[in-house]
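Some structures to go through are shown next.
Both complexes below contain chain A, partnered by chain B and then by chain C.
Let's look at the complex of A and B:
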């Protein structure tokens, strides 16, 4: 094999790919070479000198060019004159490496002794103590005694904040630059560096705000000493007291694998759990630091029932009984259709499945939705499932030949860890294309970037579709694409020139993008909230690019929809939507969408609303009026949200840390989280509340079904009764049983079970001593890797092109600006409740304007402006930033004090801006 | 604002390099001369001119000892007190300078003319003792040469010649 190299390490032969460094080759045969600065995820630098080894290569006769042989016929090995750093030395054929002998040991002892000269040895009060590579390597390789005087140590002021979240103890730092390199190479936020030289060398962060990165917590994981500690975990616990419980992050659609590290029923810290198919070994700071909602004293603890106009504590029996009786009454008098249900994308699959069963089967209501019903609701996304990333795709393996197109998305804010993974594909040789209305951080790593005018997205897509469309060979191939003919007319006038004129994009770049798309071996397309909000023609256009590039259902290809919420895909898969049942099955009678339910409520046609894990009133306070007209409002929540405050009955639920369940991430990987914490109050999991109600309600249903028997033939009667029994079978003892039911009734999920979600164990499990490379006790994955459900297009059959239209937004003259709602990672979501550490990072309620635009309006930072659309007006203070494109005002989504819902319209919102008086 | 004031010079420097990053040192020289030192605000200003991350510029400033974070005189007098210079009378030279300038090493004269510093080897051991005045080297400086040297430097300042603590004009 030309691409492989065989070498000998301490007498043991090992074959590894060309280009491997000696440390990695040794690691493969479990020969541990000690390292500090080397990290398998980053380029080697050879800074710490801990990995010194003896290296020799076969001696080559200069005359003949042949390897010299000794008398036994073995190659003569010529040792290099000095020790080499094993982390920077690439292997070569016939290389001989000695990692254990007196000379190497002498060097290792010397390096450790030198590193410890300025180390304070304050392990008893150091958070890293117990999982510290410096401790471990000193025990294993260090000298027992130091020749340096203890009182000669260099001292610095004890920890100084590098930013809000991370503290630096300069005495402990061994200057390995792992943190600096992580920020540069992996996070792409070059906010750490070295100041000064020699003994006063130290890590600094001078960004504004300091250590401005959404991935900063990872530096504390990879720090091989106790120099970097997190503000959240400092002095909270000794690591050997912690019990890590596998969980899945509930904050965004990436679904990072994590552990809750528990001590005495409290979450002490959150650590990443390695899963190369999802998050490698990284998590973002929101996932790591925003766990405090779990232990927040503001959590709801008991059911609340409205009595005399006030919510008052009640027993579960009382609250359940009340809701069951009232729902039964409404079902009897007004029918199931007078009941509406909203269940949010942060609920587990098991809850969502139970929710739609409860509505469709028990109550007989088709009215369910996973959106809050405000003007900001996104269209329901089917393409992410139909054309989704095909099962078995591992983004970590993709590189050369892969084209990643990111359209209308800001992964840094919407799904941070995807940013790292997309960047890594580009680093491995993939082609990254970003197409957005504004600059995003991902642009920095992209080979091609286009910035379109908002409203002209479809113009760009048409220009991208056209060459792919024309390239589809006639006859058979065209017939195999349903809807092929329909696109002909739409694309007839499409051209790059037109896109340049109408969307303001760069022509030559568009040309290069089209070439890249046409020659892609694998094609992965990410799209986010801005693409979704721009309308289904945009997402359909992206789906059509995939299909016409003949990558729909192809390996290592597909769409990834960044729909907000940890389980947004799960909610759509489970059929928590008015138009489709579980597994995207067709419904005879579609129900009302969330906003239609509120319209009906306003008109007095909605008798009951059941809201789980959503807070529509917070997003749109005008919905409060609608809720007041509903006879029965039931809310299942963690907190007494604005919506819960208006409810008739509030059920307190268990958080992700206190129960079991599964989430389905944006790549459609179903992943399991475990119970880490005993409930401290009598809250219940969402599914169990629904089951209790369903049981009470369905006793009636069976009686009704058997009462009808006399009117029907026996066969019909038996079927009706069977169906009724199935409908009324609510005997789930655990979420695992609900998942079995899901697997039985949703074809997509037929291979999913709690056991299968753990089946890949061991793939990335740690070998003995691997902690030295990866640090401490973190990362080990004992909780399973989850399992991806197949995309619709994988089933074969005829592929469909989706209806796609080119629309150009025409700006009304009286409203010459465009308002764009921008998502932020740190918004005012209830899941950030109690995590005060992140407060300084939260998006501020400001309107971002390009400085040129602000100048033209005579606006300074902080000036208050009125932003008026056709629907309403909004007042915000101005922030001048080059990140805002000209002609656009960027307004943050889900931030308190920004009533976006009062102004946004479908598609692009045209607004007038003027300085607000007073 | 630095860029507005030195636009031509900065543009000329930027034009010399294919990437803005390469222009960092010469632009820092301008900033240090303009402000008399490189404090946080001036370092950030340079970073913005060159579109560099703030931290990167702080790293460079921190690395080089000829960037000063506090005010210095028109001339910074660096006297080497490493071993070879000491053998040849560096200590006597420092003592003499301290006495004549009426400041201790590490300080600036009241008239803001000179800053006296002790430094380690500046790579001219064969001509010890060595004194560096901004970027000018003065070799075999014995106390008897000091009055003329100081007078010469003063005259330069008074003559209105371009003086740069960064050695910005040294290459011309």
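Let's look at the complex of A and C:
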């Protein structure tokens, strides 16, 4: 084949694709050439010279251009005059490589000795000791003895902070530039660089604040020496003492595979676990450093019951008994509909399934929701499941021919590891298109970027839909696409010119984007909180683009909804929502949404509220009034949150580290996390609490059956009651059994079981012992790769176009500004409790204004402004930044001291800004 | 009959012979016999001549221990008041004497000669908990330190260099 090359390495012949470097070719036949600077995820540079090998190529006769043959008829091999670096030498046909002989060995010894002349050999105190490639390679290839006097070694001041999170020990650094290259090539934050030269050559941070990257922790993993160490794991333990327990990150919808490295029942550090389909070998700094909430002393330890107006410690029996009795009483007097339940998107699938079962089946209440019920609630997203990324899609394999459209999302803040993956698709030849209201980091890597005016999202989408719509061949249009006709009227007036005029986008770029969409082989569309907040027409528009581009249900294509919360997709799949049951099944009677429950509570119609893993009062303090009118407020929480403080009964729950469960990520991959830590207090997992309550209460069906005695014979009635009892029995011994129940009752999850999530056979592509020389750190995935559930569109059948409308946003003259709530990775979520290292990175309570706008209002940095909408007013200090588009004020979400809920309205919030007096 | 009586006296003769000899029994615990120089008794954690702890909390002793008797939790030295030379020290150092088999592998593993099996052998306990010797119990007095700190450990602040963060 023309694309493949056969060469001989140490007498063994190997065939590899053209362009492969010798190290990789040797790797294929398990011949480990020692390397320091080479890393399979990054471009080779040949800085460390450790991989020197002898290379020869067949001699070619210059006259004839033919390979010269010796007397035996074999090609004459001409060895290169000097040793070559195997990591930068591409293979060629007939190449001969010698990796083991006296000359190579001499060179390897020499390189190691030279590297060690400036290395302090303080392995006993070094955190890398035990998983250090320099240690390993010195043992394997090193000279054994140093000829170098210790006092002649280069000495630097011991570790200096390279940022808040990373320490640099310059003595230990061998200047392989892996960290610099990671930041440049993979993270896309080129904040590290080299300074000086010769013996004072060193790594420096070029940014302010220092090492300003959300991926900085990964540099400590790939550092082949102990030069970069994490501030979190500094002198915590030796690596060989750690017990890695597979887990899944509980912070954002990416669902990165990680391990909790345990020692003596404490999490010592968090490391990535290799899963090419999710996070490769990277995790973001929030996932890595924000694990301290688990061991926080502020965790709730015992159930609390309100006695004499105060929350007091109580036993589990007492608290459960009280809640069961009161719920029973309320159900009897006011009916199940007077009970509402809110369960957060950070709970496991098992909890959420048990939650909806408890409400719908046991209490007979349709009122459940996965949102906190504030003005900031996002619409429930169905398209991420219906038109989701088709199962089997691996973003790491996508490249040429793939179009990635990122609409109304800032993956860097919402789902950081997706940023790396999207960027890598672009690097492999894919086309990245970002369409946002403001500049995001992803714009830097995008081929086409559009910035629309907030409120005019649908105008842009209409202009994108129009050519796709027109391109659908006339024959069989209607039959193949339901709702095709409905769209005709909506798109009749749509045109690029209109989008340019109304949304302020660049016409030629829009044209190019439309061409790219039309010619895409694979189409992946990411959308985030801004798109979701803009209304269902926007997300429907995106779904329609996918459908009209004939990519709905097609391999390697689909929508990815970045709904906040580690298990936001799971919550929707499990039916923790008022309008749909588990697996998006239709309900006979929809219940109240979260905000309706609070409205009902204000009017005294809601008698009991059960809140698990959500903190509505923190998000909107005015909800406290509504909660006070509810007879029974039960909260299941890790911490005594603002909501828990108002509760009548508080149940302490186990954190993600102390229990088993599964999360479903944005790509709908179900992944399992394990128990890493023994609980130190008598907390219980969420599902167990619900089961205990359910067992104390009779299910609604049982009550109904026993009430029917009169019109049936007694025996029949008893049988009916017995059947109802059996059907509604709660006898889960472990979350695995709940998952079995989920698999049985939710068609989407038919093939999901703990066993199927565990399969990890040979998928991580790394051969045994390779970690030893590439990373020191193994990243080995022993916990399983998880399993993707199919998207709705994959089942075939008729595709339907979603109702889409072009909405124009009319700005009232008295409120000429637009307020946009912006998500930040480091916000004031309770999951960041106790992780003090990240405090400096947290979003500050400021209103970001474009400098031009600030000038027009005469505002300097730090000036306090009043931001008033039709609903309320908000005071914040100003930060001038070019990241804010003109006419827009950006206000951070979920940050303390920013009562956003008092101001925001549905869609875009028009506000008036003036300098605040006093 | 006579033969039996003779045997009786034969036995008493041996007794009588030792009656006037110096006894070999030592009256422990009133009298204690010195142990050999290389006897492996209870561990001590040594210090340098300047009073700093020799132990740098590297846990290599724990790694070498075949009985898993040693538990070390390292900590970071306060540069103003270091406990040991360099950046790292042992915040917790415990040996479970019930587990210890006194093999001396910990001594061999120790890069700073901090742990030494000494001559104390009186190790008995009324409960298992008291068999765990903590750092306070193992550490020698500051005045009993010996030897200079080797240069490899004396690095902190040795050579000041330009800061890593520069304005560009």
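Everything that follows uses one rule, which is that the second predicted complex is superposed on the first by the 884 of 918 C-alpha atoms of A that agree within 3 Å, B and C clash if a C-alpha of one lies under 4 Å from a C-alpha of the other, contacts with A are read in each partner's own complex, and residues count from 1 in each chain.
As a working rule, contacts are C-beta pairs under 8 Å (C-beta built on N, C-alpha and C of every residue); 3 or more make two chains touch, one makes a residue touch a chain.
Please read all numbers here as calculations on a predicted model, not as lab measurements.
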Under the stated touch criterion, which partner chain does A:204 make contact with: chain B (first), chain C (second), both, or neither? both
Winner by number of chain A residues touched, once chain B and chain C are compared: C
In the superposed arrangement, which partner chain does A:62 touch: chain B (first), chain C (second), both, or neither? neither
Chain B versus chain C as contact partner of A:190, first or second or both or neither: first
Mind working out whether A:121 is in touch with chain B, chain C, both or neither, as first, second, both or neither? second
Let me test your reading of the model: by the given contact rule, A:715 touches which partner, first (chain B), second (chain C), both or neither? neither
I'd like to know which partner A:678 touches here: chain B for first, chain C for second, both or neither. neither
Is A:310 touching anything from chain B or chain C once the two structures are fitted on A? First, second, both or neither. neither
Residues of chain A contacting chain B in one complex and chain C in the other: 195-196, 204-206, 208
What residues on chain A touch chain B, complex-wise? 190-197, 204-208
Quick check: in the complex, which residue numbers of chain A touch chain C? 120-122, 124-125, 129, 150-151, 155-162, 168, 170-171, 195-196, 200, 202-206, 208, 210, 234-238, 240-241, 264
Provide the residue numbers of chain B that touch chain A in the complex, in ascending order. 40, 43-44, 53-59, 62-63, 65
In their shared complex, at which residues does chain C touch chain A? 56-60, 62-63, 71, 73-76, 86-88, 111-112, 151-153, 155-168
